[in-house]
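Take a look at the structures below.
Each of the two complexes below includes chain A, the first together with chain B, the second together with chain C.
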Partner chain A sequence: MKISRDEFQQLLGEAFSVDPSEILLTADAEDFETWDSLNHLNAVVTLEERCGVSFSVDEIASMQSIAQIVACLREHGVDVDWPV
Partner chain B sequence: MIATGVNPVDALASSLGEGRPWAGVSDFLSAVRLLRKIPTEVARSRAVATIRVAVLGNATTDYLVDAIELALTPRLACATYVAGYDQWPQELLASGSGLDQFGPDVVVLLLSTLGLTAGGARYDEIPDRLVHDALAAFAARSNAPVVMVLPDIPVDATGGESAPDRWYQRARVALHDAAREALGSRSVTVDPMAVLADLTRSWRAGSYWGSAKLPYHAAGCIAVGRRVAQTIENITHPRVKVVAVDCDDTLWGGLAGEVGPSGVNLSPFDGGIGHLCLQRLLKEASANGILLVAVSKNEPETVAAVFRERARDMVLSADDFVAFKVGWGAKSHSLREVAAELRLGLDAFVFLDDSTFERGEVRAGTPEVFVPELPSNPIEYAPFVTRLGILERPIRSDEDARRTQLYQQERWREEARTVAASPDAYLASLDLQLIAAPIDDGSLDRVAQLVAKTNQFNLTTRRYSREELRALATDPSAYTYAFRVIDRFGDAGLIGVVIATTGGDEAVLDAFLMSCRVMARTVEHAMFEHLRRWLLRGKHSRIRASYIRSSKNALVAELLPQFGFTILDASPARTDYTREVDAALDVRFVSIREDS
Partner chain C sequence: MSVRVLPRFPMDRWADMKAFLAAAYRPDIALCNREFFSWYFRADEAHADMLTAWDGDRLVGSLGYLVDSVFWGTSGQTVEGAWLVNWTIDPAYRRGVGVSLILAATRRFAVVFGIGARVENLRIVGRLGWSVYDRIPRYLAIFDPAAAAALALPDVPPSDLEAARFREVSSEPEVIRAWRPDDPGPLWERYPALFYGTVRSASYLRWRYLDHPTFRYVVVAAGSSEEPAIAAYRIETAAGSDVPVGRVIEFFHSGSPAGRAAGVTLAREVACRFQAAGCAFADFVASSADFGVTFERAGWVSERGGQPLLPSRLQPVERTALILNLEVGTHAGMARPALGDLHVTRGDGDADRPVTA
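Right after this comes the complex of A and B.
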């Protein structure tokens, strides 16, 4: 399963109510005021729905940066088409 | 995906269109974002009412609350209060809690299994006692009905006799009974499984209980929220009052005109079953006070013959219908006619017909009517209509149970009117009796309902809570009467309320309201005359009254002059009047009786 960089940025941009261009591999929860627990949940639920995966409690807790989200998706065989 | 960049009201309206909105959680979240962009004043001005909904629970309720609000939009606007996680006992028990300050119209109490069992780690406790005490304490302070979402089936239930299974079976009953005992008819329970079981994906919370205390997966929270919204709408402002239903291939299989009464399919062993299930659903709706109208393209005798000759095979009987509109004209015309006869707006109608052509004709001819796309397979009719959530009446009065009968009587009166020689001869022939009774605990529910719902024939549109009504009713200086009307066609039930307060020799008419279904029978004159005689006996010489204008009560703008009042003062918002008590009113068509 693959998800393009554009779609990934679009999806998380909506979840965190920020412009998709702000979704960068260097960004983390501290960078967005809107990255609160509910929007975090929105992001995870939306990713699960889009990619057909299911995360563990620990994985959900670990997703505190864009890079970690990408890494978690890779663990589940979802390739974000975005060179790291 | 939902279009962005356009006006959020229109964008949301298009996303909430036909059928099932929110194919997935991300669609739902997009719709919520649009909802949040609509200014509160705009949402409220477009809605028929704003309702105050408080949500309490033992889990995270964010998705549930958003789904409730979104599902009620745009017909009802919502003001919401969301209690802290697991704060429901304190909120319900403590006088002056945030819940009390909010003053809800409806309370939603979510008691999820994960919340009650420490995430499924312990199945040793059912808090029915606490639920009872908390709800009873709340009921002493508020009239708001409580919609309790019952526990869902435990994740480790076996369907047998394991500890989770036994806990689940007992918890559902114990919590239901606890709420019922604390709140009486104001308790409404919702079994979340009815909608969770329909989801195509797993509704289980999985990791989300551990990470976010979600009771179910987000998709489950959304589905349960929509279901709860239906209940809230049906309790507070039911959308549908009349079901107009086709006969051939809808109420029964086949065309009665071709196969005759004996040939239509009403067999429970084959294709007839879907039609019978729809009949059963409509029978229940009728018992709940929803009016049924048969709308069929046939000779009247053809339809009548099916009801007569197949009575034993049918669930519905002709008596369950308030009207039959059988003929060859356009069905939209029949709907207009029947709406006028029943004095109900077309927006209170739903139209069920198997024919795509007829549905299209009704949509075009009477766009106010709700015309759902009935599935093509009759076996899907009843489940489909059930899931529309429009026929549920979780709280009903005695009046609701008798509504079909009341409207039938009204139609007989109409027929008598057309044969009577003059309006006076007609009124005289009705044998009208007004029965006056002081408001007491026995009539309080119906009085409160009438006071809350009467908008048109209402001089002051002053709303009273049950507590205020009860206090007034026990005040000897206040006149607090409820009225019933009986005529030769039957009992119209409790139709009017009059409240007046007195001080010295002067009285003030605080409330004067009447159900529109007894209009044009001089009943209101008799109600006033009853008050006048009471004041005369109490040696009061003068009564003051006001017409307070609302958007809906123009009907009674000229009522007080008809009662012999003269104007004291007039402004656009209100007109104040006064009248001597001693001059009697002409009430020759109505005999007034005191209920003993």
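Right after this comes the complex of A and C.
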């Protein structure tokens, strides 16, 4: 499974209700007022459906930054085309 | 941050839990009492039925679950279901921890229930695809309209209370008997109104009502031993007053004509007991359309949606219109019954629980 940077930003931008350009590897939950529980769930469900993965509850609880989300996807074998 | 979710709460961390709950709610809340907590979450010496999230050594979230066998469309088999209660998250961890706990429960149990969710939580369970039912019906019997008026919600005219006055008289008090855990178990296939909901087994009834550490419930039965009608009730005094109020928390009967007749008799005679005890009014909250009909046939009145007359919470008396919603999540492919086909009462979940203990 491979996902491009553009698509990743688009998906998370929609999940967090922000412009995709704001989805940066340096961004964390504190940077988005819209990163609340509901949108956290939106992001999880969106990525699970798109990438065909199932995050563990520990992973879901620990996702507090874009970089952590990318790392989780990579742990599940998803090739996010975005050098860290 | 690296958060770890434990499927059961380790009771050797009780001091952390007590401090966590005290901070989230208040120090004298019933759950801060270890005996009550242990009963409620069926704790053994080592663990209690509560998902907990930990950031290192810090407790940052909890979600209690009350596990029960559940009928789901038939009495022929059961699935493992859970009522989810006390979804509590450290404010600093709101984003992902709450979601992880609810997902852990949803993945684990075939059916999960919630009751009385707030708006923000309704959005989350809605996103998870749960069925959300806006209002569980409530039935009233008013015995003393003047006394009830002292507790009534603002702007409720006396005529509305008078219209809900209970006018039946006891005619068969001898048909009610005390229910005992060693009574023969009902033949569940004769109880179609229970085909979606918690199995009201003897062990469930004993745990939920007879073994309750704080409330004193009376569990009674009527009808034959194979298909009894059963009710559990208690009488409480509204805070700040000397007004007793009857609360029917559990009720069911079989679907046969004899079972329905026993149900009507039981609903009427329980109301008469409340009346004899000097209650101002009594109530019963139940999703089942079938049992609602029974209550109305027994002289109770359905409280109209959106216009509650009397408070639901009496410790303290809350004079706002509390309408209990219901949320149900199921694994994929399972039936989604209409509200009236479910059997949910205030005895399920945490809707009849002491504030303090």
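Things to note:
Keep this in mind: the second predicted complex is superposed on the first by the 84 of 84 C-alpha atoms of A that agree within 3 Å, B and C clash if a C-alpha of one lies under 4 Å from a C-alpha of the other, contacts with A are read in each partner's own complex, and residues count from 1 in each chain.
By our rule, contacts are C-beta pairs under 8 Å (C-beta built on N, C-alpha and C of every residue); 3 or more make two chains touch, one makes a residue touch a chain.
This structure is a prediction, so every number in the text was calculated from the model and none was measured.
Look at A:50: by the touch rule set out above, it reaches chain B but stays clear of chain C. In the superposition on chain A, A:64 contacts chain C only, with no contact to chain B. Look at A:42: by the touch rule set out above, it reaches both chain B and chain C.
Of the two partner chains placed by superposition, only chain B is touched by A:15; chain C is not. Contacts of A:29 after superposition on the shared chain: chain C is touched, whereas chain B is not. Residues common to the contacts of chain A with chain B and with chain C across the two structures: 37-38, 41-42, 44-45, 57, 60-61.
By the touch criterion given at the top, residues 1-5, 53, 61, 93-101, 103-104, 107, 120, 123-124, 127-128 of chain C touch chain A in their complex.
Within the complex formed with chain C, the residues of chain A that make contact are 29, 35-38, 40-42, 44-45, 57-58, 60-64.
Interface residues of chain B, counted against chain A in their complex, comprise 24-26, 29-30, 33, 62, 206-208, 210-212, 214, 217-219. Residue ranges of chain A in contact with chain B, taken from their complex: 11, 14-15, 17, 37-38, 41-42, 44-46, 49-50, 54-57, 59-61.
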